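Listed after this line are the structures, all set down as structure tokens.
Look at the two complexes coming up: subunit A is in both, with subunit B in one and subunit C in the other.
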Partner chain A sequence: MLKHVKHYISVGAYSLRMSFARQLEYPSFLICWVIGNPLNYMMGVWMIGVITQRFQALNGWTYPQIAFLYGISLLSHSLSVLLFIQTWGIERMVIRGSFDRFLVRPVGVFFQFCIDYINLIGFTDMIPGVIIFVYGSSVVNFEWTFFNTIKILLVLVGATLIRGATYTILGSVAFWTKSSRSLISMVHALFERTTYYPLSIYPTVIQVIFTFLLPFGFISFYPACEFLGQDSGFDFPLEFALWTPVVGVILEIIAVSIFNRGLKKYESAGS
Partner chain B sequence: MTVILAYLYIAKTKILSSLVYRFDVFSTLITNFIMVFALSFFWKVAYQGVGSVDGVDEKQMITYTIISTLLSAAFVFDVENTINQRIREGDIALDFIKPVNVFGIYLAQDIGSIASSVMLKAVPLFIVSALFIALPLPASAMGLLLFLFSCILSYMILWLLSAIVGLTSFWIVELGPLGHVKNALVGTISGSFIPVWFFPEGIRKVLELLPFVYIYQLPLGIYIGKSNFLDSIKGITIQFVWVCLLFAIFYVLQKKARNRVFVQGG
Partner chain C sequence: MVMIDVQNLRKDFIVSKKKKGLRGAFVDLIKPEKEIFHAVDDISFQLEKGEIVGYLGPNGAGKSTTVKIMCGILQPTSGSVMINGLSPAANRKEVVSKLGVVFGQRTQLFWDLRLGESFELLKRIYRIDDNLYQTNLKLMDDVLQINEIIDKPVRQLSLGQRMRGDLVASMLHSPEILFLDEPTIGLDVEAKYSIRKFIKEINQNFGTTVILTTHDLDDVEQLCSRIIIINHGKIIEDGPLEMLIDRIAPYRYLIVDFYKLPEEINHPEIEVMKKENTRVWLRFEKNKTSAAKLISDLSLRYQIRDLSVEETKIEDVVRQVYKS
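Take a look at the complex of A and B:
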């Protein structure tokens, strides 16, 4: 078992090094991302600030509180595009038969698939993510006690897994239909609209959907509610911050099994 | 005449090719509807108990949001990706020796895509939004006319900006997607999401000196009746000036780019 784990770690390390080397061949390719992505998100959160100033707090959520929620959401977004971006391209890989090389190697396919490309562009989302989160947590006077720190870390892991697993599940649709890119953009739009603002601005039906059917509320809304003492509208038997990693792990297990099932349908490139 | 027929043919093939992907049509409709739906709730919550801000009320703002999403669904500007891809694969040289203007081809392709986007994306989105959110009516018949005219200029600004960004890849291929920076700017300071008139005075003044607000905010402001007749005409004039200015930049750049290709080609 230990030997097995060691083997995976060493393969992973090599793969990572290769992935970085490949992307850093032209380091200047990152320049436009380094400008564009932070600009996009900093403006995004600033504009919400403008609206809360010109109008009012959004359903009882003040700007600092929204910044805190936005920060958690953006950090988990950046981690998920860092680790799971390949899932956006399953469609192309299925059509081109790119899974062939993974299938002939004696290591798990999903593991190889994830480790094959660590997306450096994810870091350009992490810059505004860190800035907004640090700003948000300081203006809401977030207490960095030992337990709170652990909870935040668990929330980030869980939220990243929820996003990553959702991308994996939708990307895997391509194994059956040969096309999944447009589903990914659809869920991307959903993430944008449900995790950067409090879910409670929507009607209750929508909130129920994004709690039980598509558990995106656990990415940032429920954890933020708990940390900030905001009313979430739902009572759960456990603290929300603990639900997020649980939901994340369950979704990830479902995602991997769907991915593996899809892989059985994979028939390499035609001709 | 034959040249125009050639462009029409290019536009037609583009329309036909986008009709093939029916599944994409459906999922794009849902994606766009999610956007409109979520944003209209955002405004509803912001306007709770507030009559109007800067002379714009909730109903107008929801109309603004619906029409803004319709516009961005309809506006196609693949020109920048096309130039980029043609350069990377070396096909640009072949495009230059065709008997029609290469940028005319790209524009015809984009206009063809717009025609299909209007049919497949904008019209269904309009119907769905009208049924489930609100009927986004223009403030007046005159407003609608001016809006349509202003939209044409908006699109020209957007297309020229994209073409200029695309042309820069003749020189700075290795810089990565400059278009990404442009899209981030269009997404944030063009008023496509939140109108610039809500921004603090100083920032608003600076942003009004840039072409971006003339892409979305101006036609949308005309549509919902935020700007009166005189302001609308003034805005449209500024749009026209931007189109001329951007066209001049585009013209110089494409001349230079052409020479560069010939040098490389030997």
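Take a look at the complex of A and C:
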């Protein structure tokens, strides 16, 4: 087991190095993202600020509280972009037969596939994520105790897995239908609507859907409710800081098994 | 020792037939017409350790599909493949750690990085220890001069250099079986030569079993002790190359330049194939008579300026097999 883990770590670490080296070959491309991405998210959170300050708090959520929620969401988004961006392009890989290379090597295919391109652009999302989260957490007087820090980290891991697993499941549809790109674009929009704003502003039916069917509420809304003492609308046993990683891990296990089942349907491409 | 055992292998693909026009598109949407295409249709063969086998067939015959099933990329519809006693479908990681695979049309190297980086990653993937890694790189350098290009970015390599890189990448972990899918496609004479030499050497030195699919029959002639020909998903020939030639085209050609073209060349063992000015192509069966005898017969009767003997072109043999 330990040998196994060491093997994966050595492959992962070297792939990471290669990913960085590959992307640094094209600096102008990176610079565009370094400027564009933070700008985009800072403007997004600014908009919410304008709305809440000009009109009224959103369903009992003040602007700093929303910034706190937005920060958690954006940080998990940036981590998922860093680690799971490959799953957005399963469609292209299926059509071009690009999984061949991974299938002939003695390491897990899903692992090789994700690690093959660690996306530096994730860091450009992380910059505004950190800024907004630090701002939000300081204005709402979030207490950085040892347990709270651990909880935040667990939530971020879980939220990243929920996002990554969702991309993986939807992307894997391409193994059967040869097309999944549009599903990925759709879920990007859904993530934005459900994780940057309190879920409680929506009707109950929407809240139910995004709790039990598509558990996006666990990405930022439920954990934020707990940390901020807001009403979540649902009563769950245990704390949300625990639910988010549990949901994340379960979803990831489901996602990988769907991916692996899809691989059996994989038809490569003519050559 | 049987290295690869393929039994009653089948692979079906479902192909949807498209109808014409907008109306057709609607009909396809509601009631799609699907057809089953048998890419590989009941194939069985066994390969011994250390064989170099040429796997031939026209485009779309099912060559690549078979190779992809053997190395675990595709799942067979039915039948079985055993690599050294293990099924690649059930024990993928264990099986592929003993395989080297090169797809000539596609590279497994990292486009933007120096060639050596790709090797370093493979070293970690296959858990190759430092000693073996250095020994293998040294060996590859002797035949393929890999050190000349190891520090260049892959995107700057010529096609031939890149193929050398891909071959090295596939052999770093000393696999027992090497699958080569069109390794010489698009390469110049010099590159082809060094790649053939490489295949021969690893086969002799390590006893590597090699499965080679190619359209270049010179590859086959120079490397393969056995050929398997497949068409429409079925094996149509399997055996040593010489046997195939002897059976299908047991001929040789005598090309004779006369001073003056004779009206007719009558000889019971000769068939006139072609005439061009004063040059005539004569075909004879090589187990019935010899070139020496024919030459002496002809020179008694005609004034011969020059002559040469030509073997059957393997191309013609293969073309004949494909057609049948």
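Assume the second predicted complex is superposed on the first by the 269 of 271 C-alpha atoms of A that agree within 3 Å, B and C clash if a C-alpha of one lies under 4 Å from a C-alpha of the other, contacts with A are read in each partner's own complex, and residues count from 1 in each chain.
Criterion: a residue touches a chain if its C-beta (ideal position, glycine included) is under 8 Å from a C-beta of that chain, and two chains touch if they have at least 3 such contacts.
Here the structure is a predicted model, which means the values were calculated and not measured.
Participant: I'd like to know which partner A:58 touches here: subunit B for first, subunit C for second, both or neither.
Facilitator: A:58 contacts subunit B only, not subunit C.
Participant: Quick check for you: in the superposed arrangement, does A:266 touch first (subunit B), second (subunit C), both or neither?
Facilitator: After superposition on chain A, A:266 lies in contact with subunit C alone.
Participant: Looking at A:22 after the superposition, I want to know if it touches subunit B, subunit C, both of them or none. Which is it: first, second, both, neither?
Facilitator: second
Participant: Give one of first, second, both or neither to describe whether A:14 is in contact with subunit B, with subunit C, with both, or with none.
Facilitator: In the superposition, A:14 contacts subunit C only.
Participant: Applying the document's definition of touch, where does A:107 land relative to subunit B and subunit C: first, second, both, or neither?
Facilitator: Second partner only.
Participant: Hey, is it subunit B or subunit C that touches more of subunit A?
Facilitator: B
Participant: Which positions of subunit A sit in both the subunit B and the subunit C interface?
Facilitator: Residues common to the subunit A contacts of subunit C and of subunit B are 26, listed in rising order.
Participant: Can you list the residues on subunit A that touch subunit B in the complex?
Facilitator: Going through subunit A, the ones touching subunit B are 26, 28-33, 35-37, 39-40, 43-44, 47, 50-51, 54-56, 58-59, 177, 179, 182-183, 185-186, 189-190, 193-194, 197, 201-203.
Participant: So in the complex, which bits of subunit A are touching subunit C?
Facilitator: Contact set of subunit A toward subunit C: 7, 10-11, 14-15, 18, 21-22, 25-26, 97, 99-101, 103-108, 264, 266-268, 270-271.
Participant: Along subunit C, where are the residues that touch subunit A in the complex?
Facilitator: Going through subunit C, the ones touching subunit A are 13, 60, 64, 68, 71-75, 92-94, 96-97, 99, 101, 103, 105-106, 108, 110, 112-113, 117, 120-121, 124-127, 181-182.
Participant: Considering the complex alone, what residue numbers of subunit B touch subunit A?
Facilitator: Contacts found on subunit B: 23-24, 27-28, 30-31, 34-35, 38-39, 41-42, 44-50, 53-54, 174-178, 180-181, 183-185, 187-189, 193-194, 198-200.
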